[in-house]
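Report on the following structure.
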Amino acid sequence: MRILVTNDDGISAPGLWDLVRAVQPLGEVVVSAPDRDRSGVGAGLTLHDPLRIQTYASPVDGVIAHAVDGTPGDAAIMGIHEISDGPLDVVVSGFNSGNNLSVDVVLSGTVGAAWHGYTNGINSIAFSVHHVSEAGSPLIADLVKAAVVAVSSGGDGEAALLNVNFPLLDERNCRIEHHDHSMSDGRFVDVVETELAPRLMADRIVMEHRVNRTMFWNARESVWRPGDPLPEESDMGAMLARRVSVTPLDRLLAGGASYSATGEVIDAMLAVLRR
Amino acid sequence: MRILVTNDDGISAPGLWDLVRAVQPLGEVVVSAPDRDRSGVGAGLTLHDPLRIQTYASPVDGVIAHAVDGTPGDAAIMGIHEISDGPLDVVVSGFNSGNNLSVDVVLSGTVGAAWHGYTNGINSIAFSVHHVSEAGSPLIADLVKAAVVAVSSGGDGEAALLNVNFPLLDERNCRIEHHDHSMSDGRFVDVVETELAPRLMADRIVMEHRVNRTMFWNARESVWRPGDPLPEESDMGAMLARRVSVTPLDRLLAGGASYSATGEVIDAMLAVLRR
Amino acid sequence: MRILVTNDDGISAPGLWDLVRAVQPLGEVVVSAPDRDRSGVGAGLTLHDPLRIQTYASPVDGVIAHAVDGTPGDAAIMGIHEISDGPLDVVVSGFNSGNNLSVDVVLSGTVGAAWHGYTNGINSIAFSVHHVSEAGSPLIADLVKAAVVAVSSGGDGEAALLNVNFPLLDERNCRIEHHDHSMSDGRFVDVVETELAPRLMADRIVMEHRVNRTMFWNARESVWRPGDPLPEESDMGAMLARRVSVTPLDRLLAGGASYSATGEVIDAMLAVLRR
Amino acid sequence: MRILVTNDDGISAPGLWDLVRAVQPLGEVVVSAPDRDRSGVGAGLTLHDPLRIQTYASPVDGVIAHAVDGTPGDAAIMGIHEISDGPLDVVVSGFNSGNNLSVDVVLSGTVGAAWHGYTNGINSIAFSVHHVSEAGSPLIADLVKAAVVAVSSGGDGEAALLNVNFPLLDERNCRIEHHDHSMSDGRFVDVVETELAPRLMADRIVMEHRVNRTMFWNARESVWRPGDPLPEESDMGAMLARRVSVTPLDRLLAGGASYSATGEVIDAMLAVLRR
């Protein structure tokens, strides 16, 4: 199996290399990631400027890595068309540091990179963890392996595009204010198929004066509060209930093949949880 | 009525000002657009750097314009939260120079700006013309006015997000190779609700050596050829048949309210065509 | 006479258009400036990415203006090689908002643009005012005209590169903390040839946490205090004494021809002061 | 001794790590370099946006490395103010891939980084090799060590700013068209103090159409041809004659202290050549 690994917060981000280590036992790994943090750029591409690549000193033996001076989508496309020695079986993007939920996945470079793997005909999965420190978890690594093997063999020929979110494992890593995660005990409850939750974040512009210049920041913030209702199959609800969520994003197109791939991926990950 | 006008190819692009002139008779117009061409950036936002704005010498009297050093989405958000004097009724984004069709709307800054108007609770429409020279067409201006009035009064309270594509008017402006548009006669056949066509474009990486450096370009190209099948309700099919297409994009969320807004917008535009 | 006008803080900066109005009576004016604020970029050029230009709606009749998606140096070079109809007599860069003094002219995009006019064989002058509100002063406009005419006819054939700083006119616009400018009376004392003062500024890195990310700002600050000694012919000293200063920057090269141009420019400006 | 190493073409450039290996025997090495290629940016700084740093997996044991999302000057300043554990003795910038000669050092990020080390009161040297493959040369490494030790102990207290160019060692690496370097034999003839040569390069704007957009490249080219005269002490002349050249750049300021530092650096390097 040949796997392309990419991410959104840059080739030196530890979460990228945790994902590399997670998939490395499955076959040949190629890394093509942005040279620096490109969060918030979503599925954007660089179409009117040239792209450049540089080799990168991989901290993991046996893995060739390239940094791309572009977006996560550019990095995925360069990995597919220029860097990989041969056809890829899977594109994995992550680990995103923090869950990528709700309609704001449109902003996620992690999901954006996976989008471009998918539109290039390759099964693609975006992986997010609740807190960056959990990206090295052996349980999460096993779930990743199961998902990758399942998506490569599952489905009906059309590429799948899945957004996988791992809830937190250790309650001390909880990132949701006022949410009681005291039940966290290092395990996930189960694995479910989900839909994007309605909008959870709001834009908020803050003015700042610095060096006698005026600038503005978008201090986006959560408008969801614990206790607010959520649709039953929402990715956010699953995360709060400590369920691994798998959101098939190719449903945007009629007849997206992830219907079968999603089921096989979920079954494979459940098998890991039940060991 | 208060209308925010934005775009993706920058505040000095003629298509932006064609759209401003089209909506100006409807009420107060505020322009907030990127300071330069930001095509390909989709719905990305600048979340980790400051944003800056500068006033811009508007070529249209009575319109205040600001250039934002950011993405189309940033420009929309700044227009909504910082620049507008009061609540906005509609966000219009365009005119995009060339149709924005198929799943590649995820790359479109024109659609991206409208996305952020929508997520901020404002009815938003992205408008694309087949060829930039047709952006000043009086027929298109009338259709835009009808759509804007209808979306502001239609629907059921939830914001709508619509992607409107105008086919070509003059066959000499046809941008599709090998497609016979000889029937174009300066009119549109009708107005229909559509879905995103499956993927029409493919990435293609081209290597270039310049000044003894190697760089790469993504020379994306169409993989659809005239005669290839298209789903019946696709936006691409409508464009080829010279039907104005209205694609409701908020269907990504369960219960998106554009169902009713879409119908009213289509009816209003059909009324214009039948005059 | 054909004059190229450029600047560093972008084509919509009012100071640029004050300079355009100041030189317009002298002949044909071409404007080529960065599309946005590029302060701090010095004489840098974009050598590994393409440059793009867009026409700009000039607020001054009879002047063609282009915005360049690049540095001030790129804008000057594009103006010279691509935009101007014919050979240029002078490149003027400004008005910089605040004096450009001391060895920190290496950071100044205003001086950087002039540098590239000079290296392309054209007499070039960078103009800075003490406070942006004084850029429209009729006295400063007359001094600019005198300098431009003198540099075009003076010297010995080799191009000149001059950095001109206008002190403040109105003491209420004083930007130097604790400096007594109570003698300012709307006039300049005289015009002198100067050298770059030793370093007046120091870098200072400030850490900031925002959205659980750490970032750093260079909060550069003045380390010169009123009363600190300055070399007699320093540009800073002249500015404090309300003398217009002309610093020939081409002295960096052996035999720089500005020796004679500087003298003629100073004489011409003195003649204006003595009217 | 504590040494900061930086460069202009990014933290993953091999020439940077050749320089790190060259100086490592002298003491503690800190690396702070741009995260990607920033050639052409000269001494520019990022003054209106935040800077970010990321640790980098150093290929050389015992060396802490940070990538800075900014210019070479930003990287030097961050290294000095934020990253280094204690006061620095020297800032070395390089190896630049290709000689940095003539007045175009104003464009060089390698020289720009050294400039900002110097303005922060630290002895700084920019090192360029004729061809990147020679950056690992043991002879060049020894010359670098000698220069660094000499500049740290030499001079009269004021910081020095030196631009050092190593000519080619192997004639097959000659980058000058039509120049006869057949005498190259793996040695340098001597070490001399030099001045910046007059301008050797010219700007040339080339138009390109791509994806129905027009863009422009500055295809800067050499206007010096072998045989053209050069001032006797020019850095370019020394390079052609296979003399290591040391150009003191702090002579821009009256009384620059490099007069004595330059002499001691040259003597120390000559001692290496004569072993």
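When the chains are written out, they are named A, B, C and D in that same order, and each has its own residue count from 1.
In the analysis below, contacts are C-beta pairs under 8 Å (C-beta built on N, C-alpha and C of every residue); 3 or more make two chains touch, one makes a residue touch a chain.
Keep in mind that what you see is a predicted model, and the values were worked out from it rather than measured.
Common neighbours of chain A and chain B, by the contact definition above: C, D. Between A-D and B-D, more C-beta contact pairs are found at A-D.
Most remote chain with respect to chain D, judged by CA-atom centres, is B. The distance from the centre of chain C to the centre of chain D, each centre being the mean of the chain's C-alpha atoms, comes to 29 Å. Distance between chain centres (mean CA atoms), chain A to chain D: 41 Å.
Look at where the CA atoms of chain B average out and do the same for chain D: the two points lie 49 Å apart. Multi-chain contact residues, meaning those touching two or more other chains, occur in chain C at positions 37, 47-48, 50, 52, 211, 213, 215, 217.
The touching residues of chain A, when paired with chain B in their complex, are 37, 39-48, 50-53, 74, 77-78, 80-82, 103, 106-107, 112, 115-116, 119-120, 195-196, 198-199, 202-205, 207-208, 213-218, 220, 231, 252-254. Those residues of chain A lying in contact with chain D across their complex are 10, 12-13, 35-37, 47-48, 52, 54-59, 67, 69, 211, 213, 215.
In the complex of the two chains, the chain C residues touching chain A come out as 48-50, 52, 210-211, 217, 219.
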